Amino acid sequence: MTDLLATPAGWPRILLARSDAADPTDLDAAVRAGAFDGLKKAARDLGATAVIAEVAASRLKGRGGAGFPTGEKWRLAAASDAPRRYVVANGYEADPSTFTDRTLLERDPFAVIEGALIAAFAIGAGEAIIAVRAEETELVRRLEAAVGAAEEAGFAGSDILGTGLDITLSIRPVAGAYLLGEETILLKALEGKRCQPEQRPPHPAERGLFGMPTVVQNVQTLALVPWIVAHGAAAFAALGASDSPGTVLVQVRTPGGEGIAEVPLGTPLREIVGLGGALPAGRSVKALLVGGPSGGLLPAEALDTPYEFDALRAAGAHVGSGSVVLVDDRACIVDLARLLTRFCSGEACGKTIPCRIGTRRLVEIADRAVDGRSSPSDSTRLLDLAHDIVASALCDHERLTTLPLGSGMRYFRSELDEHFLRGTCPAGVCQPIAVTAGAVQ
Amino acid sequence: MSFVPGLGIVRGMALTLRRFFEPKVTIKYPEQRAEVAPKFRGRLQLLYDEWGTLKCETCFQCAQACPIECIDMGGIDTRGRYHVHWGPPETYGERREESALRRSGRTVPDQAYEHFEPLDLHSIDAILEEHDHDPKRMLRIMEDVQGVYGYLPVGALKRISETTGAWYAMLYGTASFYGHLRLEPEGAARGGMASDEAATRRPTEAAFRSDLDAALVGRTPGDRPGAPAQA
Amino acid sequence: MTVLSRSWSRLTLPGKIVLTVAPILLVLTVGLVAVIAIFGGPILDVLAANLPIVRFVVAATIILLITVPTAFLIIYMEMKIIALMNLRIGPERVGPWGSLMSVTHGLKVLAKEDFTPTGADTVVFTWAPVVVYLASVMSLLVIPFAPGLFGQDFNIGLLYFFAVSGLGVVGLLMGGWSSYNKYSLLGGLRSAAQVISYEIPLTLSVVGLVLLAGTMSLNTIVEQQAGWFTDWYVFQQPLGALIFFIAATAEANRTPFDLTEADSEIVAGFATEYSGMRFGFFFFAEYVNVFIVSALIVTLFFGGWNAPFAWPWPVELSADPASLGVGLLLLVAVVPLILTLVFATPFWLASSRIKGWQALVIGFILANLFIVALVGGWAYIGLDWVAGILWFLGKTYAFVFTFVWMRGTLPRVRIDQLMDFAWKWMLPASLLNLFVTAAAIVVVDALRNGR
């Protein structure tokens, strides 16, 4: 498990409310701590339509990275007339360096289970699937134990809480690559097909798993739902930022320390970074990598940006997998951006040309910059390429792959220009490299 | 008189008339055949490799692709019976199994009829029983099997395939996707990489993590990306 | 009885067929002979009494019968010649040098499903190909193939010809309209527009010729071109001939004016909805049209069935083989043998590798060729219609070759270019030709009379 960071006392603890349980798979202890209250209220008091209304009123946004309003998604799925509907909890954390979803699943599986059940109940789905990484065998075992306990207690399976509803809950280990974080690809993996993204519309909420309306939500989103149902939409909407209420798990990494914290949305980046500990003496903040391997590089001046969907997007980054990495002046932006772009490009599925070839060209531009062999037109080419990729992209992977270099061009232009135009590295990092096998095969 | 109306037509027709009498370029297959380079891959013949083995995997692609359905495929299946198969390979899963079988776990060219050592299958059965013969748990099944034998023997994979119903090709694919599953006994092929168990499960991600670590602390001059940083 | 059934079951299938059909044929033959013997006389008398009608019926039948082989031949020519011009080989497997390919095409067309599209006007849809085909066939009636070999010699033959081939437009429109397909309709209207636009230059360009010839009878026109090739009307009406040639190409929907049937255009134009034998009718009609148009060009401007040179000396071959009596029998028996030996000997003597029997075979073939040449030459000289038909067909097929040659070479014009060309260039040119011819006639006449 990744360590949890200490957070200020005033911050709400929803996701990590039961995170210090001795045995996270102990259902009785969890119920005593408040698990499945939301499900009971939803099933007995509220009813499906009211649940959707609550979630919509709470303005909850998906924590998977895109921030789509959850209530709308559920409404869309519930409104379609199809014989079956599905709920898929995306616990496949594609970001290799972030462990927030996995930590949540380890420490409080019942929150996710309850959220999935409430979602299934709300949209009328008969099956809820929690997708996790196949190689996390211990985690899968624990989740299956938790599901078993929930079924025994009558919270899942047939005749839930005596209401006569049947909701099957299953844990599906999926094996794949970085792309499985994308919802259409995850659905394809669950169906056993080749994992390439699909055109949206139609959204999975209209036509998803096996052609049926499917609500795909990140496990954090689902873990917030029980609290919303139990405490009311207004209470939730009061937390966090006004148009992005609630909290999110952020993995903070600074030279001083690393860990996971539950952060209310809207918190300035400065506070978040401060959770990780102070910088060592003599070092200054150079950049913030916000959003994982396809995140944006924000300058030190952006430390006051609130950590929430729209503000980050406007700044040129995104919430993404919930990772905030503090980059100090030892690192070279170009080197870092190259590494990130290389990883993302290597993880491309190859379906579309802008991704398959365009991101490769970005990597080549970055490689040349790191080598000091840039051609004079490389910087314009980089901007044009990034623009074209974003304009012609089929799925978000391509768009986000352009973020590291794109935000680099936006905020660290002088440093990039040093590489492009003069072939030197101000940070003293970049050296001519041999052609290596690496992330990009 | 550079522009004479109709001259273009006359010149064009003169050209075609000249072509009328010129030798033709058609190659009258099959009496005449076009010359092709030795490395041409479109030849309608099966080739042999340097050991005299037929370079055919019975993948059925040729039979399936042939528009006039003139290709038959036959051979001895895993139970020693001779069949002539023709048609889409999905209906002849047995053929595909045998082909995947022949090629698994080996890094040398085809040596068709290599002897497999006898294997004690009881432990495999026990493991499968424990996992309820569920193909969705294939990774864990394989990890357990590897725990018993030290690697994944072909016989074990065959057994798993037969009892769970999962296709051998799927098993082979799963085994080759994860870095910690071995298809050959340890020390047999490449030199072992001593590294963290979890890290080698997904080599690509492990490489990214170490690269990120190195990039954040700034590589010292002379480091190659992917090597641990000397901070 | 069992013996019969056992022997019957021992037969192979062809055997069974032959054994069933042979007696029937035998009976029929005997019956026919009997009928002829008994009723032959009176029938012949009746026929003799109405010879013109008989002649007409026979001519019409022959014309109907020759259109299909002609079409086959021209189709084969087109495939082969265009292939050779494209440096390909064309059909070469089906018959010797692929000559049975068009027969295969004909069979294929017969074997296709014959349907009428829903919503189509069935009667009109069915009759359209018939009208088009008939228009082509009927215009063959007036073409003189050889002296004495023509369907009918009207004194308004040319007018009849244009009138009847104009009926083809009706067929096109019927086809396009009744298909219940807007694209067919469009194609049909375009075809019709093309044909009627080019009919005017077509007819106007021969008016000059008619003025010169003084008659519209095709037979007479051909007779007027007897003598050397300089007597051919093409030298007296060069512009007219050229205009006629171009307009005839457009009338026959041949490249470069074949946009109505080009696949890249509206599929097959008016014939899109036609399949099977109905389409076969359109298909054949087009190739018969090519033949007719070539025949007409040859008739009007290139001397018809006349040889390009005049036979300088009068030849009277009045040999009557029957007068030889028994000598004929001897001749027929002995001459081939002698000729074979005569032709074989040089080969046998010249090379030791050629054995006796091989030399004899070569000799036999050569003897046959020689005899055929002799007889042919005799027929050519003696019977004027043999020469006539050979020259006529030769010249016509030379023009068919030219049409095919143009198809293999030229790109096609657009519909607006086509119409432009017809109304802005061909029509004024043919009018010009007419006026100049008329003026010339008047002037020459005046000069002659004034003298």
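Residue numbering begins at 1 within each chain, and the chains themselves are lettered A, B and C in the order written.
We adopt the following convention: a contact is a pair of C-beta atoms (placed from the backbone, for glycine too) under 8 Å apart; a residue touches a chain by one contact, two chains touch by 3 or more.
For clarity, every value in this text was computed on a predicted model and none was experimentally measured.
Top contact pair of chains, counted by C-beta pairs, is A-B. Centrality annotation: B (chain centre taken as mean Cα position, compared with the mean over all protein Cα atoms). Put simply, the C-alpha centre of chain A and that of chain C have 81 angstrom between them. Taking the mean of the C-alpha atoms as each chain's centre, chain B and chain C sit 63 Å apart. Measuring from the averaged C-alpha position of chain A to that of chain B gives a distance of 34 Å. Residue ranges on chain A touching chain B, taken from their complex, read 96-97, 134-135, 137, 140, 172-173, 175, 177, 255, 293, 325, 327-328, 330-332, 335-336, 339, 343, 346-347, 427-429, 431, 433-434, 436, 438-439.
If you check the complex, the residues on chain B that touch chain A are 136-137, 139-140, 143, 174, 177-178, 198, 201-202, 204-209, 211-212, 215-219, 221-226, 231. If you check the complex, the residues on chain B that touch chain C are 9, 12-13, 15-17, 19-20, 22, 24-26, 28. Chain C contributes residues 81, 84-89, 92, 405-406, 408-410 to its touches with chain B in the complex.
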